[in-house]
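Structures given as structure tokens follow.
In what follows, chain A forms one complex with chain B and a second complex with chain C.
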Partner chain A sequence: MKKRLLLLLCAATVILTGCWDSIELNDIAIVTGMAIDPGKDKKYQLTVGYVNPAQYSKQNPAQGAPVSIMTLEGNSLPEISAKMNVGVSRRLIFSHTRALYINETVAKDNGVSHFLDSLERSPQFRNDFNILITKNHTARDFAMINDPVERVPSLKVQKSIKTLLKSWGGDPRVRLTDFIDAIIAEGRSPVASTVVIEGDPKKGQNAESNMEVKAPAKIMLDGLAVFKKDKLIGYLSLDDTRNYLWTQKLESTMISIPCEEDQDDENPLYFDIVITNNKSEMRTEYKGNQPQLKVNIFSEASINSMQCQKDLSKIATFTELEKKSDKQIKNMITETIEKVQKDYGVDIFGFGEALNRQHYKKAKKVLPYWNEEFARADVEVDVRIALRRSGTRSKSFISDLPKKDAED
Partner chain B sequence: MGLADFLFNRRKHKNNNKITAEELFQQENISKKYYKSLEKNKKQIQELFQHSFDFTIDPIKLGDTDACVCYLGTMLSKDTLTNKVLNSLHPHNDHPRHKDISSIRDNYFPTVSYEYADTFHKVVWNVLNGYAVIMVDGQGKALSLEIGNVEKRAITEPSTQTIIRGPKEAFTEDINTNISLIRKRIRNPHLKFESFYVGRDTKTQLVIGYMSSITNADILEEVKKRIEKIDIGGVLDSGNIEELISDKSFTPFPLIFNTERPDSICGHIMEGKVALILDGSPFVLTVPSVLTDFFESSEDYYQPFLMSSFIRLIRYISFMIALVLPSLYVALSTFHQELMPTQLLLSIQAQREGVPFPAVIEIFVMELTFEIMREAGVRMPRAVGQTVSIVGALVIGQAAVEAGLVSNVLVIIVAFTAIASFVSPIYNFSISTRLLRFILILFSAIFGLYGVLLFLIVMVIHLVSLRSIGIPYLAAVAPFDIKEQDDIFVRFPIWANRKRPSYLYPESPMKKKGKHIPSPPPAKGGGK
Partner chain C sequence: MSKKLVENISLWQLAVLMFTFEIGSVAVVGVGTDTKQDAWIAVGVATVLGAGLVWFYVYLLQQLPGRNLFEMITFCFGKWLGKIIGLLYVYYFLYISARVLRDFCELITSVIFESTPIEVISITMVGICAYMLYLGLEVFGRTGEVFIPYVFTFIILIGLAILFSGEFELKNLLPILGDGFGPILKHVFPRLLTFPFGELVTFMVIIPYVSHFAKAAKVSVFTVLVSGFIIIYGTLIEIASLGARQMERTVFPLLSAAREISLLEFIERVDLIIVFVVMFGIITKVSVFLYGGLKGLEHIMNVPYRYMVFPISMIIGYIAIQISANNAEHIEEGIRFIPLYMHIPFQIIFPILMAPLLIWKVKKQKRRSDANGSR
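This part shows the complex of A and B:
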């Protein structure tokens, strides 16, 4: 009896498993990009871009488009994607989706939560694709723009976002779960990246456009989309995005700072610093009834270019430059925060979450109407830049030029 | 003479080890008695050896006594026979009358090694072993003279376990040569060799070698017990012995280590293992063996320890590669496409475009093709070996890809798996992975990664259940022993490796007493 039971249990491990869904590589279409537009007759219009594998073959690369797209209308994403095979021969695999383009109209009117639920629910979707709000053109256009280097457009967008984040900052690094968390959080509002098409999307769809040195159409990153709950309410520029990121988690960025505050406009001089290490801390307090938002930033940086006539072999110069950088960056960040307060009145920075952590009792009272509190709060940004290095040069050769020449 | 009697007799002689000819022949229908009459003995032996062209019986006269020399002409060197025996018995020599056989030996063959045969069994046994047996009329025993051996193969370099640095000798088919190769390396009176005879018909000599000061007595006892239990018509190679004495036959893993390298055997004996040397086989066994033995080459101890540790790790990795790589490919490409990086998936998918078979069929066909080629390469005459490699590499590999029957990445996987499976220093361990690989592919094709994992779990359970002469097959790993890790996955420097493997329960557990660490001499003078 015991033996039989054991046998049965062993058999169960083999028979009752969910791994029967084997499918050959020849029978799948790998979806890399999805685009959501408002439908004409139904709620949504979904476009999927899937890779044409023959394009990747080393032996006999087919002459054709690197991706194909398929567009269908429907009321929910799962239904549409299940129906895709009306025009697609293979089963669509969504696990390698790299970019989700959401038409701004959809995000503004319907909100995004309806379809985000199905994405979160599906086991196929990973949590590593980018959520992108498309401006000016339909989301469908974005899934079609060819890229001569990466070929598959969505792979290009993801790679470019990743690289930009490392070199300059400019993507909020929002993933599906972060976005959903921010929607439901009381002390934070969600943001997403925005993209625009530069050029003519009609020409960019043609595979032959890859032959041209100057691509006729390009997908470019364009900053931030600001949400209130799950609805789009506005945009921030790319520079504001970097400033936003500075308050969050900035990996590295490059910033040019004017040498003198009131220099002549004809020949402005700048020095560049590259931020290599960044620490930011948010503090939210109440002074009486007035909310105080504080951001403390400490960044390590090194000098990357020097147009000023300053002697970098002296420590005093470093201190001076540090102070200039502090001030400039402080102004930039304060401006961005105040702009968000004034224009949108939603806390995308997460000051509410900071309050919740730091003053829990107060937070309990104010969080339900936190966005109003955020809008009227005082902002104080404290920036401390530590210049550690000056590249492989100390003194710039510019400072060795005779004063006269430099002035001429 | 029943089986019970047979076993009983065996047991009786268990401890004094010297097996007599009577014992060996009690199964045969041979009379035992050695007569005083030469005629009777002659008749007896002629009857026994009739229809054997190489059996010779030369009548001679010792003075006026009748005598005869009988031998198997093919089992001894005829030159030596003539020089040492026949010449001294030449009729024109003056032969005084000798009273007994011992004075005959003293007078005629004072320098030849000899034995007395007082039973007919012994006479037959000696003849079969290449002795020249002199039977004298009226004597109660015969004189057996040992004549030089027959031709044998010279000691050559090992053909299966080659190394770069280290001794280049290999065992041969001759058991005495083999024992001398071991004795030469371990000059110690505690090195014991005990002789057994196995095979009812072949009566092959099987010698166990061990260090009586190191080897655990219980293990030794168990080995002897198993050898005594062997009951079989004939053994032709140590492979037969391996199957007859191992703890379990239904396993793909070899439970007994074999090698043709004397230095490797000596290393094992010095650790406290027992070597089994079979006459006629250049492969010597050692028991008990553990899984990790099969990942060790004797060269590991001759190369710098950092290098050999690295190489040992490589062996473990390549064992895993040889085992799971094809099935991993099947599982990932047909079940878990999401586990692959996008770019890799795209490039694999691109290569598979137009391949008409499912991945599992594809890999089965290719693995099977490779196994066929490998077998053909081993069996075919050397002269045509070149053809196989050309046909194999070109036709099967290149052409199949170009014809679009298999994908490029698959050829890489099959080839890499094949290369990895050759890394194991012991050949019969690498063949075990061949078998398992096919089952694993099947599992992964049906259940995906889950199946691979399931199979590996079952394999580990099986491995843990295995024993070699009662010692856990995974000893030092499971049951885990931290103190043994100095010579398992990596090798510590020789001076740091002071203990013999504890899972062998050696009688003397330490290899060395001191804690000497080599270091430069202290600086003289100038230091201050």
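This part shows the complex of A and C:
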């Protein structure tokens, strides 16, 4: 009996000592950002930014940089990241990656699919990081810009995108799987956010820059990168990005609309509406041989500011303002769609997928050359804004000011 | 002849085992991915057909109450031919048991324990199954009973969590039946009907030991319908959250879908819950197949199956690793060869061939006993 027990204990020491794959916490380095640049000798240059944990100790935070970076060249991401330990002491853990910066040159020349596959295949990467195309500076610079509030640059970017989506909506809300799905989809082309650095990236790298009130360098969201299959072909502005998002899934936004259509340029007057609830639906139809793209938008909104002299306690005013907003937003969105049609000729909106859902038989025929069909299609945007309320005041005090006409 | 222990499980335990058996493998590899966004319709069609198939199995068992598949085969074909056919079934059950185990090992080694040798996972898993079967069918049934609430709630919860994290896009289900019923039927037969529903043929070894045998038919059919419903639910989740294109490309769709969950930025990375469901489903499935094989050996060799539990299960653990050199081979075999050369003969053709013989023999026996009684 005793012998048996001893044997059991021996066996237990082997079995119960834990997982095969366990790594101690002080042996890992958590990667928060990855940046991909074109390599000099090899295909890519990969930069990883990993957190310096001593910076986050509550009792006595160490003075120093919140993240460290390491750059290497190689032909594939897994190869480079496995080799990173030539300069990094700890094992790199990628499951908390927050941002993937891709240099625009890489996206333009090589296409992105070669390294996206390795990200999708690896069980380490989750589907929750942002794909960002970097403009003007190398992607490496973006992994290094300090932020006084969030400290870790990639965390800052992700948080800023998340917040922007709630307040204004300037990010296409694209994750890795959506992006890959759009590459292979026949009725949709991929998009990604773009970022730029405002200021001097050299100064922004220094941890001391966190001491300054006005940060010497800042990462800013800049709009949209348009792809054809997996190659970057152009950019859209932030405003276009919001309009793009409006056709997809807009959470909330604030928009200023001119009070009169032909106002004097010296002192234009605007009112602001905040969109609180938004529903958009896309329909693609064929009239004979001509494709028709339709977007129906219904948004609930409330008035947030008023520069013109309108009496907001009257129904008529609400109806008038609703009509003005309808028209303004309709024009904006139509303009964006037509711009994409004319400049890039790729369907980033997913009208082709809508056709596939709505008219499967027709879609089967035209989807193989859908982008040409998209480029020549008629666009019809139908916007219906429902103004619900006007904040805590009904009439604006402005409407009690003596009117201009009365002054004469 | 050696003394046989007669063990009984309740109807509820039978239902639990069938249910976990059905959803186990499906939760690992996903079903109907070839039919794209119509996978759930295909599963629905297969469920109805599968329920019919299970009713047929129980109908066969009802002809000879209290006897399992192997005893039935001997009854129909005589001692020697019966033994040969019985051995073929044993081979089938044990092989499928190893395949199911391999499914799970692939999941664990490619998603969670990347550097753990596959042998360790295989042996520990089959060790649990072996221990459970060594303790007997009753213990197996009770184990199922203990875990079923978790399995059930977890699956439902995962679906709700995906729904509430906003990843659930009903748009992904469109167009419904874009290419008509043709591709669906092609996929249902043979693939979907045989896996996961036809595999219930193994339960022909277990159902005779249910205490209220008279109600077994109703309960089995009902269980198949319920589990079919849950599989449809799971498939809908997969399609709606991943989209048809991505679902086709993922090796483990339900797990990938669970990875999309992010509730209130607080409940995240809950894919381990799916691993739990899968793990329990796999334990059940491996055990049921293993039990089928062992019972067959017991019948053929006249040795209580408990003597063989550990050696056979270790062999299974070994075969699971040896059956294929890599994941691609494993999957391609499962798609192209197994349904055609193993599932269809053993699940459909053979029982159908046996049915008239069985009915005729039972009638003959009855007539003889009636004649004996009247004499």
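In this text, the second predicted complex is superposed on the first by the 384 of 408 C-alpha atoms of A that agree within 3 Å, B and C clash if a C-alpha of one lies under 4 Å from a C-alpha of the other, contacts with A are read in each partner's own complex, and residues count from 1 in each chain.
Note that in this section a residue touches a chain if its C-beta (ideal position, glycine included) is under 8 Å from a C-beta of that chain, and two chains touch if they have at least 3 such contacts.
Computed from a predicted structure; not experimentally measured.
S.K.: Now for A:357: first (chain B), second (chain C), both, or neither, which partner does it touch?
M.R.: It touches chain C, and chain B stays clear.
S.K.: Quick one: name whichever of chain B and chain C touches more residues of chain A.
M.R.: B
S.K.: Check the residue A:177 against both partner chains and state whether it touches chain B (first), chain C (second), both, or neither.
M.R.: Only chain C is touched by A:177; chain B is not.
S.K.: Determine, under the contact definition given at the top, whether A:98 touches first (chain B), second (chain C), both, or neither.
M.R.: first
S.K.: On the A-aligned overlay, A:24 touches which partner chain: chain B = first, chain C = second, or both, or neither?
M.R.: It touches chain B, and chain C stays clear.
S.K.: With the two structures laid over each other on chain A, which partner does A:32 touch: chain B (first), chain C (second), both, or neither?
M.R.: So A:32 only meets chain B here.
S.K.: Figure out whether A:185 sits in contact with chain B (first) or chain C (second), or with both, or with neither.
M.R.: second
S.K.: Per the contact definition in the header, classify A:126: touching chain B only (first), chain C only (second), both, or neither.
M.R.: After superposition on chain A, A:126 lies in contact with both partners, chain B and chain C.
S.K.: Overlap the chain B and chain C contact sets on chain A and report the shared residues.
M.R.: The overlap between the chain B and chain C interfaces on chain A comprises residues 19, 21, 126.
S.K.: What residues of chain B sit close enough to touch chain A in their complex?
M.R.: Residues 333-335, 337-338, 342-343, 345-355, 358-359, 408, 445, 447-451, 454 of chain B touch chain A in their complex.
S.K.: Name, in rising order, each residue of chain A that touches chain C in their complex.
M.R.: Against chain C, chain A makes touches at 19-21, 123, 126-128, 177, 180-181, 184-185, 356-358, 360, 364.
S.K.: Can you tell me which positions in chain C touch chain A when the two form their complex?
M.R.: Contacts found on chain C: 110-117, 120, 171, 174-175, 178-179, 242-243, 245-246, 259-260, 262, 269.
S.K.: State the interface residues of chain A toward chain B in the complex, per the touch definition above.
M.R.: 13-14, 17, 19, 21-26, 28, 30, 32, 51, 53-59, 93, 95-96, 98, 124, 126, 152, 155
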